[in-house]
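Common to both upcoming complexes is chain A, partnered first by chain B, then by chain C.
Entry: the complex of A and B
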């Protein structure tokens, strides 16, 4: 018990506390980016995208090659890489994903297959050693006793900007309205003149865009390797189950909960403890409320 | 098929399975034989769970319980192998009895997700618990069940015996009244419940039996490989068992067996191309789910129907995967 308290006490140190908060926000933002795309694909196409993390991996590699090999400044490389990956992924949408729309069970197993193809394709292409994306900035910002690295701040700002853009898109554009309609009831949306084939493509593009962006930011904080996608995928699962599958506000809430839990518990008790805690919470939640905190039960 | 031809085929198969190791001295072929037999235990036991309409992505976690339970009993407590095997199998069954009643209430996607996470929790627990399990380094110098079984050919017969027991048990369950109740549960849980099938209890029983068999496979595998590490029980192992069921065909136990043979042989043919092998598995998985959810069994049925078709013969109904909601 004493040890438990003394570990918690670490968090009261202002330097550590600042670190915990900055970590919490940036992790939350990245998890939300991954989970939003995942939940969008599920909500609209009823596809459980087990390959979602691999698009984050592709985004990170695109960012890595553009900054490291072509020496593009990160402000150009980031959007170029992310949009490039999302556009190229439309080929995969045509080859693979369209077969699984509205076929949830088949999509889970089939896309696990795609997941394996992308991971091991990545291993063939890039082998397994980890690469580092050069930091956007080495400087730090001092607020009182709290030290904030600028590059972490950039990650947070970009992620928040992307999330706001997504919110505006889904709330205030006709395509966003059509997406929300399709998510509620595909057949009714179609009878009302929504071109679902087109909406599926837009939703897919947006989902991959968010995943690739999350991957690039993740690669900037940690390291880039073909196995980069595994952790974001697990986190997307947890976030989406926490918040409720198919629920967009749920993904935001779940991502924030998970990001801060990981940052706080991880700092005080280590990464393993925080992983066990989040898995434990999700398993308990699945048992009592499988539709998540903000989701709605089916039938 | 008449009773007589069925018996003839059965006897023929039994003779082939018993005699073939003596037709060759190639240790490598014997090794592949052992792997096929052991894998068939896992694949057919997972098939039982799939037949109740649940796709479990944590079967390897139960193998891990069986393997570590057995190896620790034999190596730390110094007890003989049969007791280790029983402890391992029992540990897997106990774990299944603990989590089964909780997770089996979930359907479809939630079950898949929770088992995926649970498998990861078990693997992490093994890696973290260094004192007991040796962490990521694993445990070395695991003794064979008996010095006789250092010979691969001898181990093949041990594996064959257990595989026959496991597959026979699965076939017996599926062919019984109980198996019919399982099909009813898969096709419509509420309807089965209304017809007097105690759905949860049946599903839990099936889950415990299947996971105990997985634990048995884990134990036999550990004492065969002589090393044991968390990587032997990662999510990809569970996934491979699902792949076997999917490509073979999820509607029949034969599918799981065909899948097991296929999935053990293919890597041996693609030796040295481990990455390409995974890519090919992935492609097969995708293509099967997209275009032929019934698997090889379904494909064979269709070809057979085409060959023997009268012009007006209607196509056989599409064998559907179970867990779709």
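Entry: the complex of A and C
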């Protein structure tokens, strides 16, 4: 008990607490971004995209080559790489994904295969060592004794902007309305004139765009390798199970919960306690509320 | 084509390369038929001796396995180009058979069984990590197969095997840890408290705990914390250690990817003290990942790329595999094949009992990469099967690796 209290005491230090909050926000921003596209594909097409992390990896490599090899400024390289990967991925949508729409269990196996192909395609193409994308800024912002790395701040701003743009797209555009309709009931949406094949393509493009953006930022903060996608995929799973499969507000809530849990519990009690708690909560949730915090139960 | 490789897992680039080489050979043969026929006859006249290789070719350890495989491939190419190896009046052309050990005990055992029982191989270099190495030697020792393994776990050498045929290919933290830590205490006197971060698995525990003890023996206070493999965000752990006022961070046997990220995040968290890694030499990869944050980083290192043979090896590697970062496993496994070949030559036989005796007496052997090597380990492991080679403590200065202290066996 004394040990427990002494570990909690670390968080009473204002500098540490401030740093923990800053870190929690930055982690949450990344996790939300990773999970958004994943939950979108499930919500609309009922596809469990096991290859989601690999689109993040492709986004990171595109960003890496544009900044390192072509010396493009990151503000141009980031959108160019992300859009390029999302556009090129439409080929995979046509070749692979479209066969699995509304076929959840088949999609798991099929896309797990695609996941392996993309990882080891990456190994053959890029080798396995990890690479560094130059940080958007090496500077740090000092607020009292709290240190905020500028590159983390940029990630938070970009993630918030992407989340807002995505929300506006879903709520206030005809395509967004059609996506929501298709997510609720595909057949009814089709009888009302929604071109679901077109809507699926748009949803796929947006989901991969978000994954590639998440991967680019992930790669810049951490490192780039063909195995980059494994961790984001796991995080996306935890986030969407916490928040509710297919729920966009749920992804935001799940990302924030996971980010802050990791920061607070990890700092006070270590990484093992943080992982234990995160997965423990997921198991409890799956038992008592399998549709997640903000999800809706399947009929 | 001087070596043939059986590929498991991801490394099919070699297959493409070999196909290309084969096409070139055939084309050359069509143009100069007589020359081709003569040279083919010469190759056929040689017998083949298969050398087994084990390492991870899939999953998170792929870079280590690929480096091991490439090191062995280059060594076998060099030895074959020099005419192969002669023993018992026969000249042997070497051939590599390399399997994926999945960096796991199960994978290591399965791959070793395949090499030993299916391919009938008597000489193996690898595996890279402790879990597959411990499993592999349970297959190789009863079959009297010589295995030059890596794996820092003491159990790789210190076990109940009555008449072992396995050796360890290079220094572990039990050998290089105490002298480097002593040097740190004598040279960096302001450091009293060390924060040690380690992965929470068998390998991490096997490396970090003895290292923490070594630091304590030298009078340091140590805070040891573990994280789950695959973690990318170390800031909470770093903050936790900074709140406990550590003077320096130590990365022990962490993989280069993890160590590079930790270094970057330590500097971003505002820590300005010393950061070391008395373990896992991979400073090039760490510099690549941490970028400017790697300045001042100090690490154990055992490859001196300025040595003549090392320079040639680097050039050969870059010519074949491109100018990417070279893992230290590459020269280590290159060296392993040369050790095995030298022992076979000295034994003048391919019987493993004779080759093992020759290997046991190979002290002083030097191929120009690591300087003269010798076996130690009787006191620590009960057997003189631990190869000891020169090593360094290096520091990153101006983005370059500067050797600040050399240790000789």
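Quick note on the criterion: the second predicted complex is superposed on the first by the 299 of 299 C-alpha atoms of A that agree within 3 Å, B and C clash if a C-alpha of one lies under 4 Å from a C-alpha of the other, contacts with A are read in each partner's own complex, and residues count from 1 in each chain.
The criterion applied here is as follows: contacts are C-beta pairs under 8 Å (C-beta built on N, C-alpha and C of every residue); 3 or more make two chains touch, one makes a residue touch a chain.
Note that the structure is predicted; figures quoted are calculated from it, not measured.
Partners chain B and chain C, brought together by superposition on chain A, clash. Once chain A of one complex is fitted onto chain A of the other, the partner contacts of A:39 are absent, as it touches neither chain B nor chain C. Within the superposed three-chain model, A:108 lies in touch with chain B and out of touch with chain C [touch as defined at top].
Once chain A of one complex is fitted onto chain A of the other, the partner contacts of A:245 are limited to chain B, with no touch recorded for chain C.
Contact with neither chain B nor chain C is seen for A:67 once the two complexes are overlaid on the shared chain. Looking at the shared chain after the overlay, A:96 reaches chain B, while chain C stays out of its contact range.
In the superposition on chain A, A:261 makes contact with neither chain B nor chain C. By the touch criterion defined above, A:135 reaches chain C but does not reach chain B. Of the two partner chains placed by the overlay, only chain B lies in contact with A:290; chain C stays clear of it. Touch criterion met: A:48 reaches chain B, while chain C stays clear of it. Taking chain A as the common frame, chain B overlaps chain C at a single listed stretch, which among 273-281, 291-299 or 309-317 is 273-281. Chain A residues in contact with chain B (one complex) as well as with chain C (other complex) are 120, 123-124, 234, 272, 275.
By the touch rule above, chain B contacts chain A in their complex via residues 55, 102-103, 105-106, 108-110, 112-114, 116-118, 120-121, 124-125, 128, 236, 239, 242-243, 246, 275-276, 278-279, 281-291, 293, 321, 323-325.
Across the complex, chain A meets chain B through its residues 48, 96, 99-100, 103-121, 123-124, 234, 237-238, 241, 245, 272, 275-276, 279-280, 282-283, 286-287, 290, 298. Listing the residues of chain C that touch chain A in their complex gives 9-13, 58-60, 62-63, 66, 200, 225-228, 230-233, 235-237, 239-240, 242-244, 256-257, 260-261, 268-270, 285, 288-292, 321-322, 324-325, 327.
Residues of chain A touching chain C in their complex: 10, 13, 16, 19-20, 23, 27, 120, 123-124, 127-132, 134-135, 138, 140, 147, 149, 152, 218, 222-223, 225, 227, 230-231, 234, 262-268, 270-272, 274-275.
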